[in-house]
């Protein structure tokens, strides 16, 4: 389905959320810090997944996390989505504390964050349209009409306008993942977390999803935090790439630098293994 | 069967009606108990899990007949108020089969993939919203077949109330036996009555199962395979699919 | 609560008899259920329709109708046909017959669970059919179904008080007889209720442990 790979797509729903945020200008220079992790440590039993990690992401930036599996990349996304809690450290999103914080505040902060999962995680008990409208209606309090308008617009964007009333199980993996992207965008998050979104797809379906994400990255000012094994994609969309190893960031920089002339030996090894 | 006069048939039919009522009321109470206790057993507070788990173990370990006599004789003597036999029976059956049902609810809820809950968190749903919109709708199709088995067990369990003197089918049969002095006809008749009730319950639950499976986008088992029952199967498929599209519009 | 320890003392010897009768009914009933269930399960795999069909019909009918009514049927109807059984024998046969329709399903699932490769290996070795069943299939199937069979023994235990209704003096029967003689119902029925939990709960713990062992 290369139809959605057209170079220009209309500015959509996802754009507006950051436009009216005080930081203003899409991706302009000197944009303000949106996500900050300080001294974050996460252990599973004896295994330390993240070791006193510090890093921050500015509004509108596209940041990609790379590194060998088990290096803690996905854990960062799960921490930001509060699917798991750190053992130590603080996490701040848009100036508000996400951890440690009371549940009520977590819930508010969480509304600024959207996530797309490796396994899509669409709700099989709802139609495609309902998957997209349910959260805007129940969580954001939109009217059903508003939510459906928004959903149809997004389905149009992801090239599945004709699939409104279909069940997720009747879609291909690539189509399901595009619905999942639309579902995340329908909440108009400031940040979009992408967790290996093409890993579960058949090879021939990967390109369609990546092209869609490229278009979203290019045409909106949404902040993206992305874990991927698709290095070409990472090179295309990223403002910054972070190389992870054993729970720490061992190298970071713009993609040209990191992919072209990495400083660190581990980075070079990793890249030569995956490229 | 000519020994059973029309008056005695009336007795049996009234007994049938009482059995149906008992089954419906006990099933309603049982379902409420099953969901309340089953969900409590997945609660994040250990004390809630402990109390609900204890309830389950206690009722699973008890004989329904002993419990019924307990509720009917001992509780009134102890507390000083008497329960109408019918409601003592409904209370016992509902609490007992509700305990079994709680295991069904717990298992089905636990079987919903963790990833579905996480997707709910990512979209900002509250725990109650996640339960109502994501977990229970997906767990429900898994619950229907074991609930059907429990419903049949409950129907059979209602026969116990005749011991308390509640005028169900079995009690009516004893009266008819005394009146006619013959056992074979009346007991044959009521065994068939129970069997037909169980058959109808199963039919109904199959239909519920088909709808439930359709609601999560899965095909129900036993698609028409060209057997003798094709006509009936097809009718149910139609009913199932029309309800599915009804939900969409 | 008007609780009288001396009443309890009077009841306990009778209760002891009741426990023995309950256990007797349970053991004999379980043996019938295990044996007859296997017969049903094998018959339902028969290549002959005239064997499969009636067996399926009978087991479905017995499973979907109340044990209590079946007990009355055996107790009151069989004598009309010239076959008189004692109350306990009636109870044992009733329990065994009723639960054989459940154990049949258990055996069936166990047999279906034996991998097809086992049948093929037996065929490759030219084992005769009877030997295949006895030496290859059933030993594997039975091992797998032991916990499920155990669960039905516990279910039979909890249904055994129904035998009271045809005059068997098992635990509940003793309690009721004692109650109607002395008008003291509280103490006996409480004892019987507790006895069931005390027997059934450890038994089910034991079975769960067995299940975990066999699962490994």
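To keep things simple, chains are lettered A, B and C as they appear, and every chain counts its residues starting from 1.
As a working rule, contacts are C-beta pairs under 8 Å (C-beta built on N, C-alpha and C of every residue); 3 or more make two chains touch, one makes a residue touch a chain.
The structure presented is a predicted model; accordingly, all values stated were derived computationally and were not measured.
Separation of subunit B from subunit C in touch steps, taking the shortest path, is 1. Among the inter-chain contacts, the highest number of C-beta pairs connects B-C. Using the mean of the Cα atoms as each chain's centre, the chain most removed from subunit C is A. Chain centres defined as mean CA positions place B nearest to the mean of all protein CA atoms.
Annotation: 22 Å between the Cα-based centres of subunit B and subunit C.
Averaged C-alpha coordinates put the centre of subunit A at 45 Å from the centre of subunit B.
With centres set at the average Cα position, the gap from subunit A to subunit C is 58 Å.
Interface residues of subunit B, counted against subunit A in their complex, comprise 115-116, 118-119, 121-126, 129, 133-134, 137-138, 215-218, 248. Taken in their complex, subunit C has these residues touching subunit B: 1-2, 61, 64-70, 72-73, 76-77, 80-81, 157-162, 164-165, 172, 176, 179, 185-186, 189-190, 192-193, 196-197, 200-201, 204. Across the complex, subunit B is touched by residues 81-83, 107, 110-111, 113-115, 117, 119, 121-125, 127, 134-135, 138-140, 165, 167-170, 183-184, 187, 193 of subunit A. Those residues of subunit B that touch subunit C in the complex are listed here as 57-58, 60-67, 69-70, 73-74, 77-78, 152, 155-160, 162-163, 170, 173-174, 177, 182-184, 187-188, 190-191, 194-195, 198-199.
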